[in-house]
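A, B and C label the chains in the order they appear, each numbered from 1.
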Amino acid sequence: MPRALLLLALAGLVLLPFQAPSHITYLVALIGTTTVIVAGLAIVVGLAGQISIAQAGFAAIGAYGSAQLANWYGLPYWLGLPAAALVAALVGYLFGLLSLRVADHYLALTSMAFCAILQLLLVHLEDWTGGAVGLAVPPATLGGFTLDKPVQLYAFIMPCAVFATWLLNSLRHAKLGRAFAALRMSEVGAAAVGIPVLHHKALAFALSAFLGAWGGGLFALQTTYLDPAQFGILESVRLIAIAVIGGLLNPLGPAIGATIFVLLPEMMGGFGRYMTLVFSLALLACLVLAPAGLGGVVHRLWKRA
Amino acid sequence: MLGQILVSGITAGAVYALVALGFVVLHRGTRIVHFGLGDQLTLSAYLVVIGQVYLDLPFAAAVALSLLLSAGFGVLVERAIMRPLRASPLLVMVIATLAIGAAIREGLRASMGPLPWPIPFLLTPAPFTLGGLVLVPANLAVVGVAAVVVLALFLALRFTRFGRAIVAVYENPTGAAIVGISVPAVHARLWGLASVLAAIAGIMVAPLITLSPDMGSIGIKGFAAAVLGGFNSLPGAIAGGVLLGVVETAAGVYISSAMKDVVSYALLIGCVLLLPHGLFGRAEARKV
Amino acid sequence: MTATLHVERLGIRFGGLVALEDVSFSVAPGSIHAVIGPNGAGKTTLINLITGLYRPTSGRMLLDGAPLSGLASHRIAARGVARSFQNTELFTELTARENVLAGLHRHLHYGLAETVLRLPRWRHAEREAAAQAEALLARVGLADQAEVAAGDLALGQQRRLELARALATGPRLLLLDEPAAGLRAAEAEDLVRVLRDLRDTLGLAILLVDHVMRVVMQVSDRITVLHHGRLLADDLPEAIRRNPQVIAAYLGGAPHAA
């Protein structure tokens, strides 16, 4: 992989807020947020091969969790966000343990039902969540300063996105990533070399939920208003689409997918309402024609060079 | 009260049963769980509206056209998408069926708008009372049509060449291929058949709830019903559908109408965990 | 001396079907022990029992005197039991090197934080693991295929890779399920040499299940014969060769006593 190109991109990310209008800064930060959430999916679906249609639910835990910790207890975000993400990781781990009993289609179904229940609770537990009306997110504060300008949020969000991408890259060269890949390809083989399969499936869900919730918390800061409709099964499916189109096994896949899904609708203008349709069809075409995703295509081009 | 719950529950259950049948009919032959079937149900209902509003067709003709196009759509999906993916990992097939659902939903939202459309009832929704029970002709029609469809399906599987080929593939795909049945052709038929079952459910349920692009979320109820029934048993799917309808209605009455859906999703998760073969399904041997 | 593996009155039934019944034998430390028998004799079932894929319905299994029954597969692997599979269970999309590294999983001691921060603990452990993987691949003759995806290797190479992956776990007992099936004569010779080398240099106890009599007779220190899930004989190779019951079983005649 051309390291120089990556460094150049990083330098561009650092310089961007000084040059670009705040609307663009906001969009790039939204790409960052989406990258964090989708990086979680890349771990559980891509690396570990477990189907999860619950990522939007985990994002909801992070978003509502960190917002309400701030609302109720005045907990600052730099504490509330990790706390909510850890709770989500625990929930994810417990959900992952269910894979002892269910696999494949049934796991997908179960995660779907789980996401649906979470969303219904967001709507109906009005006292806790604001219900269908939604919830205003208090702005993050840091030592007396209020982080509410796009540039400030950008400075907070982008390092998270870079970290999530770096985490994906690191997993490829570590026992944990190999264990995930091993159980994706042969659970029997993984157990035979001493890898505890169930624990690692649950770990994959936990990591995925952690990143999902972290990204959800960032998303809350950006939109400043939460609505249960943003966290349903449909959103989970959209996140899967981003992961697949970006390339499930490429560490840059989530960033690539997020860039496409955030920027294209912006550029299409009035054609925007057809975007989700176009993405769904693109996803199908991607599956049938290029199973490794666009990220995979990019990866292959790099290898050839 | 109990009688009233049963009556309402069975109406909802009849619809769930048809959707569940669609899932099971397809899964037994192809091993595919079609996560977009709920959205196909919406598409079929919209096709009726399109036939009536844009083509000025009478209701019956619009329904016939919708069923025909729905079957064709199912076959097309099989040919264009699922057949090329046949050898792919399960994950890819699941994502593909999710994408089919998303494409339908968003296509409808973009072309028909996000707002609900009116669609006629099969019979009048004006209720009447019989022996203390409040009955709605429109609901009775739903149950009646579902019963007729189920009966027709079982007769077709038993007595027609079309049906017997399907049953042969269910029992033993290799054997079916050896005796000259084209398994890919049967798969295409199963996609068509599942699509038609979903279409009937969609056309009947649209007036009872509201026809909007998001109506497909009722598909997850069909899943729950199919899971209750064991996912590989046709009678199980029907029983699971009716049971789910009754339990859900009872939960709406005795717990709270807000928690109705939570109860049915929780039932789905609980059943998957505790009764992986459903209430009526049989365990399938798995080679280790 | 305690046997490396001691199997005592082991039995398992699936529903009404008796797959193994009342099987007892011992594998001595540093020996190659073969289990043979016609198809359906219960050989693979035996390996699946020892590695915890199945739970026995009766009897017990001891590894160096400690019971194995009831442990999960990965715990049995952690005790020092490694295996190969009849139809190989490699991680097909990973390279040969990564497959062996996955086998070293339990011997790598660092956490996620050390990985992400690229701390010395991670670097040293991975560097050492890479060297070990290199050596193991060389040992089974796959040094040049280190970067090839496991699924792209030829069948014989896949078998050897699975062996290297099993060795990476640091086993005391190695279970091989039909390692010689489908191998050409020269490859079978190689296999015999490798197995002897493992026994003599690493002191491994090896339990192998196979049909290929030439390999079994050549390499085994002791042979157990199963027939219809029961123990037919357990003896030295020369005695097995002359055993009339074994001959009858292999020629298709029913044995008079079991």
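What we mean here is this: contacts are C-beta pairs under 8 Å (C-beta built on N, C-alpha and C of every residue); 3 or more make two chains touch, one makes a residue touch a chain.
On a predicted model such as this, the values are computed, not experimentally measured, just so you know.
Novice: Suppose chain centres are the mean of their C-alpha atoms. Which chain sits farthest from chain A?
Specialist: Between chain A and the rest, the longest centre separation is with C.
Novice: Of all the chains shown, whose C-alpha centre falls nearest the centre of every protein C-alpha atom combined?
Specialist: Closest to the centre of all protein C-alpha atoms: chain A.
Novice: Roughly how many whole angstrom separate the Cα centroids of chain A and chain B?
Specialist: Their C-alpha centroids are separated by 32 Å.
Novice: What whole-number Å value describes the gap between the mean CA coordinates of chain A and chain C?
Specialist: 41
Novice: How big is the gap, in whole Å, between where the Cα atoms of chain B centre and where those of chain C centre?
Specialist: Between these chains, centre-to-centre, one finds 48 Å.
Novice: Note the residues in chain B that touch 2 or more other chains, in rising order.
Specialist: In chain B, the residues touching two or more other chains are 288.
Novice: Would you please write down the residue numbers of chain C that are in contact with two or more other chains?
Specialist: Within chain C, the residues that touch at least two other chains are 53.
Novice: At which residue positions does chain A touch at least two other chains?
Specialist: Only 188 qualify.
Novice: Provide the residue numbers of chain B that touch chain A in the complex, in ascending order.
Specialist: 33, 35, 81, 84-85, 88-92, 94-96, 98-103, 105-107, 109-110, 214, 217, 220, 223-224, 227, 258-259, 261-262, 265-266, 268-269, 272-273, 276, 288
Novice: Provide the residue numbers of chain A that touch chain B in the complex, in ascending order.
Specialist: Going by the criterion above, the answer is residues 45, 49, 51, 53, 98, 101-102, 104-106, 108-110, 112-114, 116-117, 120-121, 123-124, 188, 233-234, 237-238, 240-241, 244, 273-274, 276-277, 279-281, 283-284, 287-288, 291.
Novice: Across the complex, what residues on chain A touch chain C?
Specialist: Answer in residue numbers: 163, 166-167, 170-171, 173-176, 178-179, 181-182, 185-186, 188-197.
Novice: Under the definition above, what is the set of chain C residues touching chain A in their complex?
Specialist: Interface residues on the chain C side: 51-53, 72-74, 77-78, 82-83, 85, 89-94, 98, 101-106, 108, 110, 112, 115-116, 118, 122, 126, 165-166, 168-169.
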